[in-house]
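Both complexes shown next keep subunit A, but they swap its partner, so subunit B is in the first and subunit C is in the second.
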Partner chain A sequence: MSRNKLIFLVVLVLVACALPFLVSNYRVFQFTLVLVYAIALLGLNLLTGYNGQISLGHGAFYAIGAYTAAILMDKFGFPYWATLPIAGAVCLVVGFLFGLPALRLEGIYLALATFALGVSMPQLLKYHHLEKWTGGVQGIVITKPDAPFGLPLNPDQWLYFFTLVVMLLMFLFAWNLLRGRIGRALIAIRDHHVAAEAMGVNTSIYKSLTFGVSALYTGIAGALGAIAVQFVAPDSFNIFLSIVFLVGIVIGGLASIPGAIYGAIFIQFIPNIADELSKAAPWAIFGIFMIGFVYAMPFGINGAIRMLLARFGRKAQTGGPGSTITESSLKTKEASQ
Partner chain B sequence: MKHVLAPIAALLALALASPLALAQKKYDPGATDKEIKVGNINPYSGPASAYGTIGKTIGAYLKKVNDDGGVNGRKINYISLDDGYSPPKTVEMARKLVEQDEVLLLFQPLGTPPNSAIHKYMNSKKVPQLFVATGATKWNDPKNFPWTMGWQPNYQDEATIYAQHILKTKPNAKIAVLYQNDDYGKDYLKGFKDGLGAKVSMIVKEVSYEVADPTVDSQMVQLQSSGADVFFNITTPKFAAQAIRKAFDSGWKPVHYLNNVSASIGSVLTPAGLDKSVGLISTQYLKDPTDKAWEKDKDVIDWTAFMKKYYPGGDLTDASNFYGWVVGQTLVQVLKQAGDNLTRENVMKQAASLKDFSPAGMLPGIKINTSATDFAPIQSVRLIQFDGKQWNGFSEVMGQ
Partner chain C sequence: MQGDTKNGKCLLAVNDVSVHFGGIVALDGISFDVHSGQIVGLIGPNGAGKTTLFNCLSRLYPCDTGKIDFNGSPLLSIPRHGIAQAGIGRTFQNLALFRTMSVLDNVMLGCHSRTSSGFFANAVRLPRVPLEEIASTAKAGELIAFLELGGVAQARVSDLPFGTQKRVELARALASEPKLLLLDEPASGLNHEEVSALGALIRHIRDELHVTVLLVEHHMSLVMSVSDKVVALNFGRKIAEGTPAEVQKHPEVIQAYLGDAQ
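Now for the complex of A and B:
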């Protein structure tokens, strides 16, 4: 990582830290959700963007994480922070186990299998033998945590900072994972899995582990989301959530870490803007936004920002050799990031 | 001397009166001399978007109220947001309305899961969550949730009325039940079983369906093969029409109880086939504008005129549009009663002091009554039976 990038990152974190003191509590809550979605999107991006496995059912892992946190807090009196590792671990196991049979499925078939998972999740949560824990259709109401150690923060601000720290840790972990051997193996499997295998990459283990880790990210996000919203119910996790996640990573930028944040901002705020523009057809407006973004920024928001930066950089360097941006150089750049 | 004293007396009177007059006006956020901000959350998108029309009718009605001069000289500023029937989104929208738009109260948020999600929040913020659009029983809990109030008769009470009717008229019945697998369906089922009490074994078969199912045909076949002679149909309009048709076409012909949710002639019985709907039993608390019996009724004529002028795109056969009009009147009544004391506390106090209020569109004899310990505005209904053309009341007003 270059020095400029590091400075930029530090400034960004400082801005993120200042944010809750500058805007209303309602906005702080919205930004907390952005951070939560960013973690979930990063999880899905590991799987889809880096490893090339399409999932249409990540809402299910988000739901499992959310319910794990809610049940632990509500029935067993766990403190909120202790539910995160457990939610992550549960999702890791479920994701890994789901990933094993899913190995036999490629591309669109895997998408269908995960779609089945996403579609069935709300009904599984309503299953009446589980009602004792899940609260059935009525869901579970949980209490929002107060700031500890007498910090002068209101619950919204505290939860924002708590989520921010978790997010930074999760992003650091992903960055570490992806820039080394494992990251290269994931991308190799995506780009040409026969070649990857020939080079000695154990594709089946990598693929199911990626599924597990991806589910872990999404599960932790789900747990944080449940704590922020203070309520879980089967209707919160319908198939639409899974599809919105996929929209988020494509719009934000496939196979990019910052893309998860851009995507999260998109899925959090664009539906609200669409609703303000038209009550009659908010999703049609949302669709127009989506088409517009995909058309104007074919590599996602992150890709567009990179291209812009590269163009400015080239002007500054008055066009050195090899400074043209192509799709392949963009991808290798991301991989070596 | 007389002439000198008169102006002094007048001044004195003024001096005494003016602080009183000022003191009478009390405002919380969302209320001023000119306007009252009312928030609303409806599913304009998503799986329950068919109900979004309620939010639009309310908006149209409040516009009419404003055009007629408003409430006590204040215009109502109605801010309605979409939550897509997704509870996390409902939380976000409720927070936007309370914290950013600073509404005086939240009126008619729709659905049990969305309202459950904001139940605690609204009560901790002490902002009225008034006349929620769901028939769940839990909204009548003034002790623990003094800022939340329901409106329509709750599902359990209604189901109990059917159960009692069956016990009275057909004590040896074998009952089959079809219900929607969610809070609404289960609430009805619970009330029904409670109503049957010790004779709950009269239910020989119960089958559920999901909102996402295309049809309930296979469920109906299962129910028919159970040999039941009474059928309790707990379904939303689309499925109700399917079930009525299937029950008739398959030659089952049980005594058929249909929940009030789907008792609309226009949107349920007509698509199912009026001839196939003969003999259906249901309950009512509002007039059905698609029922010929009310064709010349003043309320229905007024409503039709209102719809044509203020909501021309609205469907005149959709019972939701009638519902929105009646519930809108209830809000206006509460705000009228609140007078110049537009605090959130007083809004709840007035909502809890409705006495024999009968908005236009309500069935004759059914009145809204609330008190500090009774947060269930409408508690009575009338049993009705369909004769192929219209619903006929065949019982007194029932319930508390």
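Now for the complex of A and C:
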């Protein structure tokens, strides 16, 4: 990582740390959800952006993570922080097992199989034999944790910082995973799976494991989301959530790590803005935003930012206008990131 | 066979291999040996079964009957993704590069079978991961220099000319440190100068890197000039085997290429 990038990152983290002291508690809660979605989107991007497996059912893993956390806290008295690794592990196993049969499916057919998972999840959560755990249609109410060690933070601020630390760790792990041997193998499978296998990549294990790791990320996000919202119910995790996740990674930028954050900001705030613009047809406004973004930024927000930075960088170097960056050189940077 | 005399032990033994696709016989009882240190050319008209044979050696196609021994152990019990580690590298007839990746990353992926760190080790960056990366980068760097790709190491492969992409594929195959290198029509699409450089390069790979080469090629002057031994196929059968001079004079080879001389 270059020095400039590191400085930029430190500044960004400082801004993120100052944020909860500058805005209302409700906004702090919204920003906590942005961090939560960023983790979920990063997980989906590992699978879809980097490894080329389309999932229309990641809302299901988010739900499994959320319910795992809620049940552990409500029925077993687990502390909130201890539910995260368990939610992650449960989703890792479920994701890996789902990934095994999904190996036989490619592209749009895999999308359909994952759609089936996403669409059936709310009903599975309402299943009456599971009711004593899941609370059926009523769901489960959980209490928001207070700041520990007498820290001078209200519960919203504390949860924001807790989520921020988890998010930074998850992003660090993903960055590590993607910048070396495993990241190359994941992209190689996406680009040419026969050649990847001929070069010694065990494509079936890698694809299933990627499914598992992707589910782990989304599951941990689900657990954090449940703690932040203080409530889980089957219909919060309908198929729409899965599709919004896919929208998030495309708008943010496929196969990019910062894209997950941009996408999370989009899926958290654009529906609110749309709602303010038109109470009658907020989703029509949301649709217009979506089309506008895709049209103006074909490589996602991350791609657009990179293109701008490259243009400024060139101008600073040569002092002359008119330098451009080609689409393909941009993609190389994205893929090699 | 005369071609076997100058070289070492038998590296690859193909024994009575047959492959059927439905009712079509793609390979019909093919047998031949490749010895360590040889360059062996595999020739034949289109549809003779050359690429099918390569795909059997890479385990992309299953063999219906027959036996293949590589380096003294049965090849057909090795899974597809274990072939590179066993010591067989290959290039593809139509390029099979990772198109969004840089030249360096493509070649570094070639090191995959010689490295072992897994998902967890990478995610938490255990100390051996950076060491492994340094070694892979160094190895890839050597091969990039060897194949004169230094100027484009950071370029995205799909932006490069065809001939350059073919060299990237070769570098990627060599990165797995193969004992046997399978080259599927390395000269196709290259211009005259590139083809003559390719001949020298193949010999260089054998002599300097000590890699045995099995080569499918239509470019006759290239095959005949670099090969120690040539195996000729037609309609899935072996019709001739021997030194380039012997095979060139073989009546069935002449017939296969030129048709019946009435």
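Here are a few things to note about the model shown:
Everything that follows uses one rule, which is that the second predicted complex is superposed on the first by the 328 of 337 C-alpha atoms of A that agree within 3 Å, B and C clash if a C-alpha of one lies under 4 Å from a C-alpha of the other, contacts with A are read in each partner's own complex, and residues count from 1 in each chain.
Just so we're on the same page, a residue touches a chain if its C-beta (ideal position, glycine included) is under 8 Å from a C-beta of that chain, and two chains touch if they have at least 3 such contacts.
Keep in mind that this is a model prediction, so the values were computed, not measured.
The superposed arrangement places subunit B and subunit C next to each other on subunit A without a clash. Once the two complexes are overlaid on the shared chain, A:141 sits against subunit B while remaining clear of subunit C. When both complexes are overlaid on chain A, the residue A:215 reaches neither subunit B nor subunit C. Of the two partner chains placed by superposition, A:257 touches none, neither subunit B nor subunit C.
In the superposed pair of complexes, A:90 makes contact with neither subunit B nor subunit C. In the superposed model, A:224 makes contact with neither subunit B nor subunit C.
Once the two complexes are laid over each other on the shared chain, residue contacts for A:38 go to neither subunit B nor subunit C. Shared-chain residue A:181: touches subunit C; no touch with subunit B.
In the superposition on chain A, no contact is made by A:72 with either subunit B or subunit C.
Annotation: superposed on chain A, subunit B and subunit C show a minimal Cα-Cα gap of 31 Å. Interface of subunit C with subunit A (complex): residues 58, 60, 79-85, 90, 92, 96-102, 105, 108-110, 112-113, 115, 117-119, 122-125, 129, 132-133, 136, 154-156, 158-159, 172, 176. Within the complex, the subunit A residues that touch subunit C are 173-174, 176-177, 180-185, 187-188, 190-192, 194-203, 209, 213, 328-329, 331-332, 334-336. Contact residues of subunit A toward subunit B in the complex are 24-27, 29-30, 33, 123, 126, 136-139, 141, 225, 229-236, 238, 240, 271, 275, 279-280, 282-283. Considering their complex, residues 44-47, 56, 80-82, 84-88, 91-92, 95-96, 98-100, 112-113, 116-117, 119-121, 181-183, 186, 210 of subunit B touch subunit A.
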